[in-house]
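What follows are several structures.
Two complexes come next, and they have one chain in common, subunit A, joined by subunit B in the first and subunit C in the second.
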Partner chain A sequence: MNTRLRRTLPYAGLLIAGIAAPFLFPDYTFQFTVLWVMILFALTWDILGGQMGYNSLGNIAFFGVGMYICAVVQIGLYYDVAQYTASYGAVKVEFTAEQYFTGLAVGLIAAGLGAMVFSVILGWVVFGLRGPYFAIGTLGVALSAGELTGAWDYVGGGGGIALPIYPGEPDDRSLFFYALCFVLAMILFFLLRWIYLGRFGLAANAIRDDEEKAEGMGIHTMRYKTVGWAIAAFFLGISGALFGNMIGFIEPLEVAFPTVTFGLFMVVMCLLGGRGTLWGPVIGATLFHTFKEVTWTYLLGWQWVALGALIVVSVVFFQQGIVGWVKEKWPEKFGIAVDDRALAETEPDLDEAPSQRLRRQTEAAQ
Partner chain B sequence: MLDNITLLAIAPLLNVQLLLDGLFIGAIFALAAYGLALVWGVMNVKNLAQGDFVMMGGYIAFVMTKLGIHPIFGLPVAIVFMFGFGWMVYRVIIYRVIGKDLFTSLLATFGMAIVIQQLLNLIFSPDVMVAESGFAIRSYLGGMVTVADIKLISFLLAAVLAALVITFMKYSRMGQAIRATAQDPRAARVMGIDTERVYAFTFALNAAICGAAGVLISMIWVLQPFFGMTYSIRAFVIVTAAGLGNLPGVIIAGLGLGAAEQFAGFILGAELQQFTVVGLLVAILVWRQVQQSRHRQVVR
Partner chain C sequence: MSAMIECEGVTKAFGGIVANNEITLEVPEGRITGLIGPNGSGKTTLFNSIVGYHPVDAGSIKFEGREISDLRVQQIARLGLLRTFQQTRIYSKMNCVDNMLISVPHRTQTYRTMFSKYPPEVTERAEDLLEFVGLYEKRFLISGDLSFGQQKLLEFAMALMNEPRLLLLDEPTAGINPTLINGLIDRLRRATSELGVTLFVIEHNMPVIMGLADNIYCLANGRLLAHGPPEKIQNDQRVINAYLGAHYYLDSD
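The block that comes next holds the complex of A and B.
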């Protein structure tokens, strides 16, 4: 009973913190909302990057695709989209409360599904690429998605779209989006916890460790990769739709497809927290977001330099991340038997060069 | 779009103009891409800060013009300065990245790229700048084709630099050591080559090449702290298209990319010029993959 309580405590703590945060610090509701979106970013990136070893730099494309699909659906249900975008938000079109909420609901679902379809098609194209080529290829996809959207007049081109205005008080609005982002992140978190414990998690880790062997053992690797990416894309699409509505105005390069900001942040958050773990992305995102906000407040002008330096330092000097470091330090807390050194030895270290591994193994054998 | 194509068909000299502009800028792309191919091939580091090294070189030339010195003399200064800078970067960061997995070098250099571009932004402001060379612009073929002298000069300089680097790699002691290390670092170490020094030298050489390319860019194109990323992407496009260790391929791909970009910018419009570069990258990767999947089926 005691261990069970201790196990559930962090999850309960996360839930309580999420519910209590906007009431305890009502001035920071917007920041907390962004924090949940960041946690969601890190968690979705970790599905492929951490668990499967497919380091994508272009996951942000799903975020933008979801954002634009939702916007088009929200407006398109009641007005002509081309006419609406041509006015660049100069003509304020009224949406009634009912129209707003139906549009948002339909838009969110469409955004998730649309991003998912996009990810499946894209996965079919890019999953043959390995290692750095996968990273560069996906980066190229995300960059070109932003450029293409910027040249597409139907969705407003580089000028962007002004989204329908929330019918209600500003305080209610921020709380409304906070609740949606929080619930979405929690659904993802517990869904991932569930699937990592099962067959999917095992297959994903097998693909990360050695894809050829995994395929040899009869794991349909392509199917697992596609499913993993589709889950990431579904949640990223919805989060993009929410984020766009929260900002109120979307534009291709800075808001919808911010490849070198959010697209990179999600990777760094994951690495900072410890990739390939469930809690790593959550912790990493929280720390990273806090660091970012603090530097934005106190180091204005130098914030980007500090951020870049943080990226370099965390990648170069602190590869295993916080959770990975804790796991190394106190393995018994994670249910790894301490006296069973052999178990820890067989645990493959992904960053280790084959020659190093060989040396370590021979040393261990002696 | 169709109008632009017919325009090209009606005025064939316009093609010549676009092609020349493309080749002049493409030579500089090829230079930066060669540096990337060198570092990638020798030490398996994928440098995403390549374009930011180029921008740094450009700003060196810009500072020289501000001091009243002609930007062409920025070339040796940039080469020396960037060589030292590259060596320092290797000692501090790259040296720890070499043995790690493939993704680490990408991310670490990405972080470096952010730091460099933001520092440039803080020092020089985000305005677009040009290092004025003050050379004349001549027109040929009855005024239909105009070529600035500086473009011609920079093209020649790029060719000379490339020839120098190639000769160096082929005949000098260090160049041979670099090539040996690229082939088999362990065997090179057994043969008494200090691979650690070779790596440092290679990275510094790459930075110097990029710096030189930047000086040329500053004279014929524009400088802006955030343009570095596109040069990195271009270098990746060229190297991926040509393949590692394929020097003629790098030169051809570089010139081709320069020309393709000019034509795409003319036909599709300027807002899609950037897309052409990244779109080409994706297209090349997909095409390679199709090639490989055929190969894989044979194995199966």
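The block that comes next holds the complex of A and C.
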């Protein structure tokens, strides 16, 4: 019971902190919302980057795709999108509260599913690439997605789209988006906790350690990679849709496909916290975001230098990340130890018990 | 005694080097078959051809009567034909139990089972097999931290976990401490007699393979040189010459 309580405690702590934060520090609600988006970034990147060893530099593309799909759905349900974007906000369009929430709900779902479909098609093309080629290939996809969107007049081109305005008080608005981002991050977190403990987690790690061996053992490697990326894309698509609506105005390069900022931050946050672990991305994102906001406030002018220094220090001294370092320092706390109890028993009788059980199992299987 | 593997005229060339030249051989079910030959004679190439690692240039390979030379590695593995590697390959950052669990047979896996947990009897079987190779106490250690010999034993146990019908072993005793070799040979024999796994074994250690195999094939320069029971191979002048590098003289005889 005691160990069980101790194991549940961090999860409960995370939930309580998430619920209490906007009420304890109402001035920082927007910052907390962005933090959950950062955690979503890190957790989704880690599915392939950490657990499977496929370092994608282009996951941000799913974020942008979701953002644009949601915007088009929200507007397209009630107006002509081409006309709306061509006016660059000159024509005032009003959305009623009902229209706003219906549009957002449909848009969020469409964003998730659309990004997912995009990831499956993309995965079919790029999963033939390994190592650095995969990283560069996906980076190219994200960069070109931004440029292509910028040249597409239907969605406003480089000028972007102004999204429908939230029908209510500004305070309610920030709480509303906080709640959505928090819930989304928690759904992903507990979903990942569940699938990492089962077959999916082991297959992902097997692909990371030796993909050729995994193929040789008959594991459906392509299937695991595709599904892993689809999960990442689904949640990133919805995050993008939410983030776009929080900002209120979206454009291709800075908001939807920020490859060199958010696109790289998601990698750095995982490296900092500990890739390939459940808590690493959460811890890394929290530290990274806090560090970034503090330096942006108190070290203005040097903020990018400070951020660069953090990245260098984490890559040079903490290659395993914080959680990985703790795991290496105290492996027995994570159950990595020789089984003393079994060792203390008399030399196991190799000829009797286990082999008989094995034979029985084999006969039953045939 | 039916043949599990039937190779007929298997040929594989890399550029100008013919690694396998019209190899025809049979691996009978329920037995241990050996494959020997000097370095570079094409043993591992033949293994790679059988498990679908590369396409063959000519010839046919049948597994339980079914043509497999046009299938991919994963499909062949799911049929129950598995190989271990000369340079041991395990999932080095996972612990031994996880290495075993992910090695369950994948022929019945669907999209739904991707997210399922392992039933207790699977974990039990994994632990039994770890005990079978003597790694039970170390089952929670990261497999990459084990000694080379132990990793080899783990890889063997992983292969058994996959419940193969036929297992191709590429030098199972290479790099294993001599005192452990007898234990390993005993496990190999029992894998066949108790678990019903047919073995096809590449081995350089002559006393080991002569004692283990029922039937031995010998390759030299990509061709099948001789085959027969161990006593016959042991006394075959062509085999002795091939190992001592005297087969050039043989040609001129």
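Here is the rule we go by: the second predicted complex is superposed on the first by the 337 of 366 C-alpha atoms of A that agree within 3 Å, B and C clash if a C-alpha of one lies under 4 Å from a C-alpha of the other, contacts with A are read in each partner's own complex, and residues count from 1 in each chain.
Note that a residue touches a chain if its C-beta (ideal position, glycine included) is under 8 Å from a C-beta of that chain, and two chains touch if they have at least 3 such contacts.
Small disclaimer: the values here were computed from a predicted structure and weren't measured.
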item: Touched partner set for A:317, first subunit B, second subunit C, both or neither; value: first
item: Partner chain(s) touched by A:7 [first = subunit B, second = subunit C, both, neither]; value: neither
item: Which of subunit B and subunit C A:198 touches, first, second, both or neither; value: second
item: Partner chain in contact with A:206 - subunit B first, subunit C second, else both or neither; value: second
item: Touching partner for A:132 - first (subunit B), second (subunit C), both, neither; value: first
item: Doubly contacted subunit A residues - partners subunit C and subunit B; value: 350
item: Touching residues (chain side subunit B, partner subunit A) in the complex; value: 46, 93, 96-97, 99-104, 106-108, 110-115, 118-119, 121-122, 229, 233, 236, 240, 269, 271-272, 274-275, 278-279, 281-282, 285-286, 289, 292-293
item: Residue ranges of subunit C in contact with subunit A within the complex; value: 51, 73-74, 77-78, 82-83, 85, 89-95, 98, 101-103, 105-107, 109, 111, 113-118, 121, 124-125, 128-129, 131-132, 134, 136-142, 158, 162-163, 190, 194-196
item: Subunit A residues within the subunit C interface of the complex; value: 194-195, 197-200, 202-203, 205-206, 208-210, 212-221, 223-224, 227, 331, 335-339, 342-343, 348, 350, 354-355, 357-359, 361-362, 365-366
item: Subunit A residues touching subunit B - in the complex, by the definition given at the top; value: 55, 57, 125-126, 128-129, 131-133, 135-137, 140-141, 143-144, 147-148, 150-151, 158, 260, 264, 267-268, 271, 301-302, 304-305, 307-312, 315-317, 319, 350-351, 353, 356
